[in-house]
Each structure stands twice: as C-alpha cells, then as structure tokens.
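You will see two complexes here that share subunit A, one where it goes with subunit B and one where it goes with subunit C.
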Partner chain A sequence: MVTTDSIRRSSARIAQMPSFALSVLWFLIHLVISIFFIVLGIADAVENYLISSGFLKRYDAINVGKLRYLAIVVDSEDAMQINKALKLLQWLTDIGVKHVCLYDSEGVLKKSKEIILERLSCAKLYEEGDEKSVLDSKTMIIEFTSQSDGKEALVRAANLLLKRLRSLGENQEEKIFTEAQMTEALKAVGSGGPEPDLLLVYGPARCHLGFPAWRLRYTEIVHMGPLDSMKYGSLLKSIYNFTLVRQNYGK
Partner chain B sequence: MEVESGYGFRQLFSGLGCSFRKFMFSILSVGPIPDHIAFIMDGNRRFAKKQHLVEGDGHRAGYKSLISILNYCYELGVKYITVYAFSIENFKRQPEEVQLLMDLLVEKIEDLLRDGSIVTKYGMRLYFIGNLGLLSGAVRAAAEKAMRATAHNTRAMLLICVAYTSCDEMVHAVQVSCREKVDETRPLWKSELSGVCNGRWVDEGGKNHSDIQMDEGIPIIKTGDVERNMYMSVAPDPNIVIRSSGETRLSNFLLWQTAYSPLYSPAALWPEISLWHLVWVVLDFQRKHSYLQRKRKQS
Partner chain C sequence: MLPLRSSVSLEKKLLSFSRNSCPSTITQSLLFPSHGRLVQLKTAVSATGVAHREDDKGVNTGMASTWDLSEPEPLPPGLLRELMPRHVAVVMDGNARWARRRGLPASSGHEAGVQSLRELIELCVKWGIRVLTVFAFSSENWFRPKGEVDFLMGLFERVMESELQNIHRQGVQISTIGDSSKLPKSLQKLLSRAEQYTKDNSQLHMIVAISYSGRSDITQACKRIARKVKDGVICLEDIDEKLIEGELETSFSDFPSPDLLIRTSGELRLSNFLLWQLAYTELFFAQTLWPDFRKTEFVEALHSFQQRQRRYGSRNS
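Moving on to the complex of A and B:
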C-alpha cells in the first residue's frame, strides 16, 4: 500500500537520481516537442495552401480598412534577404494594407530603403502627417525604423525636455513631463510615427526586438516564424484574425 | 473513520502530485530556467461571468491562482516575478469595481505579511511598482509597509505593478533624470542667470539667454540614466512575459524592458492558469534560449 512515508522516500530518491538520467529525459521531452512542431508545421502548410488557393471562403473578404497601421519586425540577420522583404511588401500591397512600418534593430532595411522603394512601384516613404492622408487604392506608405528610433530616440526626446526644463524653469515641471509632451518631443526628434494596430514578428521568437516602446501600448503582437519560411496564407490569416479582435483598453 | 480515510487519500494524492511536480522540475532544470517571469493576469472578470460568480469572486479566484503560480515559479528556481495587478487605465472602470480591487489589494497585502505565507516561505522581497501617488492613502500605506517589512529578504522578489503603465514609467524616469542633471549643474546655472523675463532666462543686465547652448560642457541624459530611474530597475529585464486569456498585446506593460522577452498567450483565463501552462512556456523558452541570449548580447 502506498503511504505518505513511501512518497517521502520516493521524493528523496528522485532528488538523488543521477543527472545523466534526467538529461536523457530532458532531451527526450524536447525531441517529442520538436516532432510536435514539425507536425504542426505540416498542418500549417496545408492550411496555407487552402487559404492561398481560396478554398477557405472566410479569408476572401477581409475588412483590411480596420488595419490602419501595420508594423513588421524582422530579425536583422533575416533582413539581409532584401528579396524576401520585397515579396512580403508586395503581398501587403495586394492585400490592400496602406501604412507599413518596417523595423529591424540593426537598421539593415533602413539602409536598403532606396532599393526597396524603387522596386515597389507604388510605395512612398513615410513623412509625418501621412497617417491622416487618404491614399489611392494602390499606394502604400512605408516607414523604416531601427533601434535608433527605440530607446535612443526616447533619450533624445528626454534631452529635448531637459532643454525645455532649463529654459522654462522648475516650476513648469508638471507641465513639461506629461505623456503628451513626450509624444511631441519624440515627433520633434524624428521618431513620432503612429502606434501600429498589429505587429508581425518574423524571427525565431515572439518578441519585439526593441521596436519603439512608446508606440506599442495596445499593439497586437503576432509571431510569424522566420522570414525564410514566410507564407501568404499565414499573413492573410493574421490580418483576418486581427480584424476580429475587440479591446477594452483597460476598462 | 471515513472522514479520516478521506483525509488520508487527499494527503496521498497531494503528496504524489508534489513528488511528480518536483520530478518534472528536476528534468526542466537540466536546461536554462528563466530568472524573471512577468505575468499579465487577464481574465478574472470573464471567469466570474463564466462561473456565474459575483464579480469580486473572480478577482479572489485570480489571487488563489497567483499564489499557486508563485509557488510553482519559486520552486522551479525563478528568482524574480512581476505581476500586472492594476493599470492606471483601470482607474477608468466603475468606481465600485475600483474600490473592490483596492480593498482586495489591502486585504491580500496583509495576508502576505502573515507568518507562514508564501513571503516567509521563500524569503521574498515585495516591491510595489508604479505611480503610487495615484493610490489612496490606505493602499499606499499598506504597500509601503509591505516593502519595509520585506526589505531584508534576498532569496526571491515579487514585483507587483499597481497604478502602473509603461508610458507613465518612462515619463517618470525621464523626469527624474532631468532633475538629476539640473541638480548636477545648479551652481553653474544660478551664477550665470538671474531670473525669468517673459518666459526666457535673462542675466542681471537683462540679456536674453534662451539661445545659449545650455548643454555645452553640461552633462546630458544618457540611456543608462533613464534605465536607472525606471521603477523596474530593481530587477533585471524579464526573460518571459505570460498573458492569460489568449490576448496578444502588452497593454502598456514593461514595453521598455521586453525587447528580448518572448510573449506567451495561453488561452486559459487567469484563474484557470495551471502548472502545465508554466511547464510548456519554460520548455519553449529553453528551445529559444540561445537565440535570445545572442540577441541580448548584441544589443
């Protein structure tokens, strides 16, 4: 009969289990998980084929107008594949996305912006105020950002507020240090783009890799996998799922 | 007799469960264990609705879930845990709900400080992170008392974000950094300029100095200054963020600190979150660990 004493003895034995046996078990668990992800990958590929070929009717009419501003985060190593980035942007143009912010921390895409804008026939570079402009059906506005638009930009904005504090005086402190003033300061230092509604991460993990923090408050963050294996169907599905989301904004 | 044997069986199953969990954690510990996990505890109200409970009971169920998860995390060897308990945006909710949450917070702070609580079990230091000035006197006093009472604890840390948003934290860090720089250069400043005229700094002769490059030779704010003045500077950046209820956004939580922190969104509502969600997240974190380490080093 199993008693509490025997359970305590088993716990003690577990604690002494040779680390080699635990390592083998850990390796086996990770092997099973890898196999699971391979099977999931095959299922995703099938679903992608069905979406791309138009078999799944619900993806035919996406209310893309709800997606006012899309951000794409790419791992900087993947961003070297400019052709992949161009293909992705072309897909987004076909879907009807109007405003895109491309981010990679090292600024690889930013350095290639002339090539990208040249190769996409209907794209133009983002300028402040563009988020309010009405565009024709084919034009897409693209903003290029990197880590200099993230923490570094906030620090530049902080120095601008410091200048204001020095010039206006400490009794104005409460008026200078507000979120609205910070937003203005970020615009003044050239990093004042709008908040994306949706952020797609192309890389091994679902993290924003330093995308400007000030602009991420209520952004839906979706992981798309590595840029190498990007699929049109996944992109369409992510945008479709976004159009179904309802936010409370804390209320 | 039946009551005694029933109690015996419960102890047995509880003991078996505990042994199995320790066994699981021994296996997990072969790989890297996250130092810091952050939780967005979403779904208490939906849970109350789903279970046909009074709204306050959803938050109480959420608290029980929090204690379970804290136990699992600290047992696994996670040293820092951050929880998003109350956002500044949550003040926009109905006043009755806000009051209920504040009363629950005070009640649970007192529970945590009792002997035999999880705080004493794990030698946990409590931090209340956020704009505490927005809280009522009673809540702020309870929070400050808890921070003082646990200040000597060093084994683990629980950071409770209350009256917090990331944007507010960033503005506050910038404000403190600015004040530091002004204080550093105050003797120089006052000797050169005497007063304000029409909103511009002037010297004794009335000469306007607004166009002087005030940062020439004067320290400017650097990234390290802002980071040092963040509320969250007491802990390293989180390795993982877990948001319950399947939502895929950070909702103004740790936006500065999560550049390399993968976000996980299990569909379970917060009171339904279980050990298995945690185990799954840690296993996936282990698969991505070398990539995330590389990215952190490069940044």
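Moving on to the complex of A and C:
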C-alpha cells in the first residue's frame, strides 16, 4: 500500500529533478569552457613559440619601416624591473625598431636612463629632430617620458603661450591659441616628441596611464599584459598586425 | 598579448570570453542568455489588476517607437552594481563597413547604427550608468564625401526630432560638445532646443560629441583661461591641471572622465577623442561593427571592465 509519506518523498524527488538537471548542465558547460580555456592557453603558447622560433614565415619579413615611432607604456611598479625593460628593448633592436618612447607615470625609467643607455650598446638618447634622422641598422633612439611630459607639460605650454599673448597685446588669443602653436610650445618646454604610430601597454590595466595625450590622436593602442609575462612572439605579432593596419584618419 | 577583440557569433564569443572572463561567467551567460533580439515575455498588470502575459519584441522596430523603460532591469548575471562604470564613452565606428558588407550604401549603415545607439541609451538608463558620451562626428569627418556628410547632418536632425520626446520622458539630459559653428543652422537650433528642453533631467546625461576634436578641446580650454587671466579673474601662477580640466568641454558633467571607453569595428585608436580625459580610462576595443553592437556586446564590455584590475597612477586625472 502506498503511504502518504512515500508519495511525499517521491514528489520531493521528482521536484528536485529539474534543479539537479540544471546543476548537471551547469557542470558540463563549465567543464567544456574550462577545457576550451586550457586549449586556448596552449594554442597561445604554441603560437608564441612558433613565432619566436621563426617557423611562421610571415613574421620574418615584417615591414618594420612602417613603424616610424613606437611607444611603450609600463606600469611604474613593473618599471622597477630594469632587466625586463632592457630585455624588451633588446628584442625591439633585434626586430629593427629605430625609435622608441618609454613611458611610466612615476618616471622610474627616466631615472634609470643612464643605466639603460649604457647597457644597450647601440642606443642613444632622443633629441628633437631625431625622428627624421636616418640611422644605421643597429642604432635605436630612445625617448624617456613620464607624467611630467603629459598633462604637466600641457600646463607649461599653456603658460608659455600666455606669456606670448601678453607680449602681443590685446585680443590676439585666436592667433596664439591654436593647435600648431600648442605643438610648438610643447617642443619649447621640452615635451615635443612625435606622435607614436603604435603604443604597447605593459601593465595590469588596459589604459595608457597618462601618456602624453597631445601625441595620441591616431596611435594604435595594444594591451600586452603585465611586463612579467612579456613574450617575444606577442611583441612580434603586435608589430606585424600594426603593419597591416590602414587608417583613414576620419576621412 | 591579451587580445582586445570580440564579435557576435557564439564561436567568436567564446574566444573573446576566454580573454575577458572566467568559465563561471561564461557558463552563467550561456545558461541565461540576455540577447536584445530574443522575443521576451513580460508579465504586465492590466488596468483591472489582473496579471497577463504579452509578447514583446526585445528591440525597437522603428525610429519613432516608444522606448520600453517601464520596469527597472536587474543587471545581467555576473555584473556587480558597485563596479558599474559611472561614465561610458563610445566611438561608434563601422557603419560604412557594415553597409559595404551587405552591398548597401553607407547611409544604410548609419541608419542601422541609430538602432544600436537607442538600445545603448536604454541600457544605460536601466543599469544606472550616469554619463554616456558618444562620438558622433569628428572634426576630421568633415573631409568625407559631401554627400555622406550632408546625409549625416540630415540623419542627426531626423533622429533628434523623432527621439526628443522619448529621450525626455526617460529622464535623459542631452548636451553637445564640439565646434557647433560648422553645423547646419537648423541642426544648431535643434541641438540647442534639445539641450534646453532636457536640462533638468537626471537619469542619464548623454553627451554628444559632434564636430569634436580632443586637441581642439585642450586648445580652447587654454584660450578660455587666457581670457580669464586677461580679465583679472585668475592669475598666471594659478594655471594648473585642475584649471585646464575645469575649462574642457566636458567639465559641466558630474563625471567628466570616462571610466570605460568602447570603440567598435576592431580599430585600436582614440581618433582624437577626449584625449585629456582618457588618461586612466579602461579601453575596450570590440571587433563588432557598430550596427551589430547590442546588449550582448555591451554586457561583454562591462564584464571586461569589472574584471580588469584597475590601477591609477599616484595622481588621479
């Protein structure tokens, strides 16, 4: 004879079946996606190895000449690992990049520029006009920038234009405060480097951490992850992908 | 390299999720899809108080449709309210490419893009985002073919005319930034009227950047400061970053610096947009073309924002 209790127990078991089925489904999907992540990680690592080893031929003939000016943003805490920064610069020299701007907001790299230039045998410090100079195959020009070259430099440039305005007299703001004049003023205050074609961000956050805003109009920005996990293959791939980009500049 | 791109199809969605999410988030999203194109069933209470179910299309079908914002919408699974960005900026790129892929004129792409914008505004209001800045037209866009520029100016007017009441009803305040002197007079008047009409709204502040240039924004800010120095309002020694920020075109906003920038169509650059304001903004570059950027893609961008470890420099922007 079927008792009330047994009916209740059976009903409870039947009611639990949908939530049990959902739990199983959740587990299976979770498992599939976790496997997918693992496979993707392995694929990334394999691709990096193949690029670094030269097996992928398309990365052998990168038109690095298209990359006239490269900027590297490094998180200031990561920037204290000077050896990592040196390794990155050495890789860039091997790839054939000629002009590099190194940025970290606190100026850690700027303070270490003597060490960096000394350890890289073929590097020299950027001076205004260098972006137009023709360099031999091994030389790299490095510009060191920090927060003081960003918004602070714009403030100094604004002050400079204001002083020019005073010397010209009344109602000359339209002539003085133009984009061209601002660019000249930035050069005059020592923060007038060229606009990078490509900016690689090494850090946990996917932002440029205050890199000089005036110079970022049409710069391609790529987040590379923390400096600790930098890979030669990823670097080469980013530069290669940049050479394929075609910009319309809004037109 | 951590890829920054994403797209609509499930295969590519998994790829992008793998970069930006953990397995649990993806599992939740797959079990509880929240795609804007799905037909949604809604329970509504009729005038007699009897609950009934009615079919409701998830996405508006025409430019003049009433926006459905009658119920507050909970956040999609995996998103935390306390980590939502306060200010989202969007570069709406890819309309012309979207049209070209379908063998249509560029104008069709721009019109399709309007639907994406409507949905984005709706979602921002529902999810409590306070400021939305959209890059509608850059100063460089004036160099596009005249026919396309004229069409865009006409489209801005038509959309503003048809949507103003709905926008106002939902508590959206409209502001514009950029060099409005280059816009057709009729559009200038309409935008001014829209700003005046919605100025007391507080649900969402939508800033439309039209004929805008980031460099020009900075230059004009410095010019305004120069006038204040000339008029004796401030001293030369007082000029600092805060003063320049206070004169930028976005300074009227409660949150002038975006927390999250989304750019569609796979391009990885700022294109002279909000240069000063984006110093510490999280950048999300989506592979999707703007007319295809819908709720799913926006949720993905928000997921990525919330999961990314955000670190500022020692001095905030």
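By our rule, the second predicted complex is superposed on the first by the 209 of 251 C-alpha atoms of A that agree within 3 Å, B and C clash if a C-alpha of one lies under 4 Å from a C-alpha of the other, contacts with A are read in each partner's own complex, and residues count from 1 in each chain.
Here, a residue touches a chain if its C-beta (ideal position, glycine included) is under 8 Å from a C-beta of that chain, and two chains touch if they have at least 3 such contacts.
Note that the structure is predicted; figures quoted are calculated from it, not measured.
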Contacts of A:87 with subunit B and subunit C, given as first, second, both or neither: neither
Subunit B versus subunit C as contact partner of A:36, first or second or both or neither: second
First (subunit B), second (subunit C), both or neither touched by A:19: first
Which of subunit B and subunit C A:155 touches, first, second, both or neither: both
Contacts of A:234 with subunit B and subunit C, given as first, second, both or neither: second
Subunit B versus subunit C as contact partner of A:113, first or second or both or neither: neither
Touching partner for A:168 - first (subunit B), second (subunit C), both, neither: first
Touching partner for A:219 - first (subunit B), second (subunit C), both, neither: both
Which superposed partner A:208 touches (first subunit B, second subunit C, both, neither): both
Intersection of the subunit A residues that touch subunit B with those that touch subunit C: 22, 25-26, 29-30, 33-34, 105, 147, 150-152, 154-155, 158-159, 161-163, 165, 170, 173, 177-179, 182, 204-211, 213-214, 216-222, 247, 249-251
Subunit A contact footprint on subunit B (complex, rising order): 11-12, 15-16, 18-19, 22-23, 26-31, 87-90, 92-93, 165-168, 170-172, 174-175, 177-179, 181-182, 189, 196, 199-201, 210, 214-215, 220-223, 226, 248-252, 255-256, 258-264, 283-284, 286-288, 291-292, 295, 298-299
Subunit C-touching residues of subunit A, taken from the complex the two chains share: 22, 25-26, 29-30, 33-34, 36-37, 40, 75-76, 105-106, 147, 150-152, 154-155, 158-159, 161-163, 165, 170, 173-174, 176-179, 182, 203-211, 213-214, 216-225, 231, 234-235, 237-238, 245, 247, 249-251
Of all residues in subunit A, those that touch subunit B in their complex: 2-4, 7-8, 10-11, 14-15, 17, 19, 22-23, 25-26, 29-30, 33-34, 105, 147, 150-152, 154-155, 157-159, 161-163, 165-170, 173, 177-179, 182, 204-211, 213-214, 216-222, 247, 249-251
Interface residues, subunit C side, partner subunit A - complex: 1-2, 4, 14-15, 17-18, 23-24, 26-27, 30-31, 138-141, 143-144, 214-216, 218-220, 222-223, 225-227, 229-230, 236, 239-241, 244, 268-272, 275-276, 278-285, 308-311, 313-315, 317
